[in-house]
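So, here's a batch of structures to check.
In what comes next, chain A is part of two complexes: it sits with chain B in the first one and with chain C in the second one.
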Partner chain A sequence: MSNDSLDPRVNRLKLGNAGEAVRVEEGENWNSYEVFHQEKRGAHHEHVGCVHAPNRELALIFAKEQFARRKKCVNLWVVRSADILAFDVEDEDMFANNAEKNYRDASGFKVMEKINKYKQSKK
Partner chain B sequence: MNPEAIKDLVIKMADDELILGHRNSEWTGLGPVMEEDIAFSSMAQDKIGHAWALYQVLHEQLNGTDPDRFAFLRKENEYRCSQFVEMPNGSYDFSLMRHFLFDHAETVRYESLAASAFEPLKTLALKIRGELKYHTLHANAWVLQLSQAGEESHARMQQALNEAIGLALGIFEPSEHWEDELISGQIYPGEVALRQRWEERILPVLTQAGLSLPDLGRVEPIYGGRKGYHTVHLLPLLNEMSEVYKLDTEASW
Partner chain C sequence: MYGAGYIFDEPNRKPLPEQQDDPEKLAVFEARIARGEKIEPGDWMPAEYRRQLIRLIEQHAHSEIIGALPEGTWITRAPGFKRKLALIAKVQDEIGHGQLLYNAAETLGKSRETMINDLLSGKSKYSNVFNYPAKTWADVAVIGFLIDAAAIVNQVANSKGSYGPYCRALERICYEESFHLKQGHDAFIELATGTPAQRTMLQDALNRWWQPIMHFFGPPDKASSHSEKLMQWKVKMASNDDMRNQFLDMYVPKIWELGLTLPDPALKKNEETKKWEYTDPDWNEFFKVINGGGPCNEERLQVRKWAEENGRWVRKALMQPGDKKAFPVA
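And then the complex of A and B:
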């Protein structure tokens, strides 16, 4: 399939006869990869953005200069965007009443009292 | 140790870094995709940084002149860069192949300097080790990617390798006067040894990429740069690079 665009992410599809199968060659379309940045050892990797790349090795290589050249970084993850499973935007209502269910909050556990008591006893 | 010998080594290394750093920076804004544009530009900046650090060594440890003046105000035949680094960028295939061949050469050179008897070079070698690791990782990934991306792509990478290889061997042009002294003084292991180590680095990657490395025994190395003989391409580069500096050489930045 020919690609007249200089932008490798965009394929200009030459439509031939309707019904004729269109074959997309491996590597013809680049994927986008989500990038996760780790600021120091042991910290969580945090999502910082995405890069386009032909494969995951190059995605990681691009991510390094894209997202780690200024701020502190010790490690990066990349994940193909297509491999991420997410809820539909319309399903946001599933989360709507969470704030009211404060009986689920950890504040119900009176741990601090015990800790303070223990600290007192050690003094 | 004769300081002239060490100067000879430091100047040729620095000039290679400066000139290739400038060449590669010509891709800024024109790279094939944004991500690569940023990565390639960033590595070009690294090279200028290496050049600056080496000029600084020259200035502080070897009685040299101010790094900026030394970088921008010399005559063309006083530069000691290899002709490889002054060649125009051409297409991205040539630029990438040069990046691959040069950065592996640079890496084996700095690795050897980690054991140098000349302390400032040893310190610098350890400092930039991580940068060079990234540069060669980047170069290897692109060479593999493009060599395996179809017939035309493979042919262009092979063509780029064929064009670049004689020039690349020019990186290892031995010093006219100081080679033995630098080796026996354990400043560095010498160009012959470095070239050998470089061949051992590039061959596995090229093999994996399905590219054939020409028989290096039959390739004529393109020497001359280390003696100040340059191609017609260097002077326009120097004029452009020093244009702003020369507007006012006494200005403080």
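And then the complex of A and C:
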């Protein structure tokens, strides 16, 4: 390659031949870690994305660089993507609520009617 | 930065036949998208949807990484400490965006190493604008203002697409882009309202960048193939011409009001159709540059190769071959 870059730093690199193949080996970009971000004390940690890192200590450092550059952050968690266990997204119908589950909800219990009826009967 | 309307596909490549896909699953999938729901990594998806998304997100990621090079060139020569700090921050953001996007693409099953190898071998492309040199500081202002603005038009549209991980990455990216655009606009205005020499430098940069900017959103709709399915699947959110028109509508007045000119005598808004009219840029030049014939293609890839080769010993020293591996989950 002719040394005609506008960037003197590029010219100093003495770049190789354009035709030369460079291959990155599988695994050279390390492993994937999921990142959880806590915006303020007392808040939940929320999933914000992933970083690639060789180990969890470096994953934390990269996560700080990637996800805490601007917005407020007081803490970060990282966990290997391989260690996340999740339900199959295709099974999301199992979370559907049905009408008979109102025994689990506050709205499933109505007392005012009985109280009013009782008060009425005592008059 | 730096999504582009135009996403390179192998020439004459036919879409994967839909017959491979289970018609019942396809119907459920398309109904979900029509309802405005997102598709997540573990969902069933047509093979062609997966292929197109990988292509789109991967090339977007490469564009972020390569796009940092012409601007990075100017960090050491930025005029003043504040501009230097802002440029360092912007370039760091772009590299961060590249990583967010590589992760989003990985959820579809292509490893980051494979994507980087495809970039280095020339198999997969990046936004064509970065094959042009940033000759003066005014080029940095034009890139920071107008190319970031064009990219935002594209990215805001894409962030309403159908693939969850890509939308989430784009939301974060668009938030940071607003700073890029503002600092680019500020640098642009500084030159436009400066000395005659500064204005001349800016006008010269505008003249050189106008064609690449017009190329940015890709060939006209009439020349673009198989985009109907991609629009239905919400992979592509707006047509090339619509995005170009939106960009012209927002930014040409901002250039003209400063008394600067654009090198196209036919450029004007048709008040009846509300569409912009312009001379078609040279599309042969566009395809020549995409295929390696631009002024900086060789240098950009050579710098990437140098970085991969010279950083390898660090990456290898830290590798944990026994570690249980997985792609990002979301």
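Methods note: the second predicted complex is superposed on the first by the 69 of 123 C-alpha atoms of A that agree within 3 Å, B and C clash if a C-alpha of one lies under 4 Å from a C-alpha of the other, contacts with A are read in each partner's own complex, and residues count from 1 in each chain.
Rule of thumb we're sticking to: a contact is a pair of C-beta atoms (placed from the backbone, for glycine too) under 8 Å apart; a residue touches a chain by one contact, two chains touch by 3 or more.
Everything quoted here is computed from the prediction, not taken from an experiment.
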* Scan A:Val51 for contacts with chain B and chain C and give back first, second, both or neither. => both
* With the two structures laid over each other on chain A, which partner does A:Arg80 touch: chain B (first), chain C (second), both, or neither? -> second
* To do: For A:Ala106, decide between first (touching chain B), second (touching chain C), both and neither.
  => neither
* In the overlay, answer first, second, both or neither for which of chain B and chain C A:Ala96 touches. => neither
* Taking the superposition as given, does A:Ile61 touch the first partner, chain B, the second, chain C, both, or neither? -> first
* Is A:Arg70 in contact with chain B, with chain C, with both, or with neither (first, second, both, neither)? -> second
* **Which superposed partner A:Ser32 touches (first chain B, second chain C, both, neither)** => second
* Asked: Which of the two, chain B or chain C, is in touch with more residues of chain A?
  -> C
* Once the two structures are superposed, pull the chain A residues common to the chain B and chain C interfaces. => 7, 25, 27, 30, 51-52, 54-55, 58, 65-66, 69
* For the complex, which residues does chain A have touching chain C? -> 1, 5-7, 9-10, 13, 15-16, 18, 20-32, 34, 47-52, 54-55, 58, 65-66, 69-70, 80-84, 86, 88-90
* **For the chain C and chain A complex, residues of the former touching the latter** => 40-44, 73, 76, 92-93, 96, 99-100, 103, 106, 111-114, 116-117, 120-121, 133-135, 168-169, 172, 176, 298-299, 301-303, 305-306, 308-309, 312, 315-316, 318-321, 323-330
* To do: Enumerate the contact residues on chain B facing chain A in the complex.
  => 32-36, 38-39, 42-43, 134, 137-138, 141-142, 145, 149-150
* Which of the residues in chain A come into contact with chain B in the complex? -> 7-8, 25, 27, 30, 51-55, 57-58, 61-62, 64-66, 69
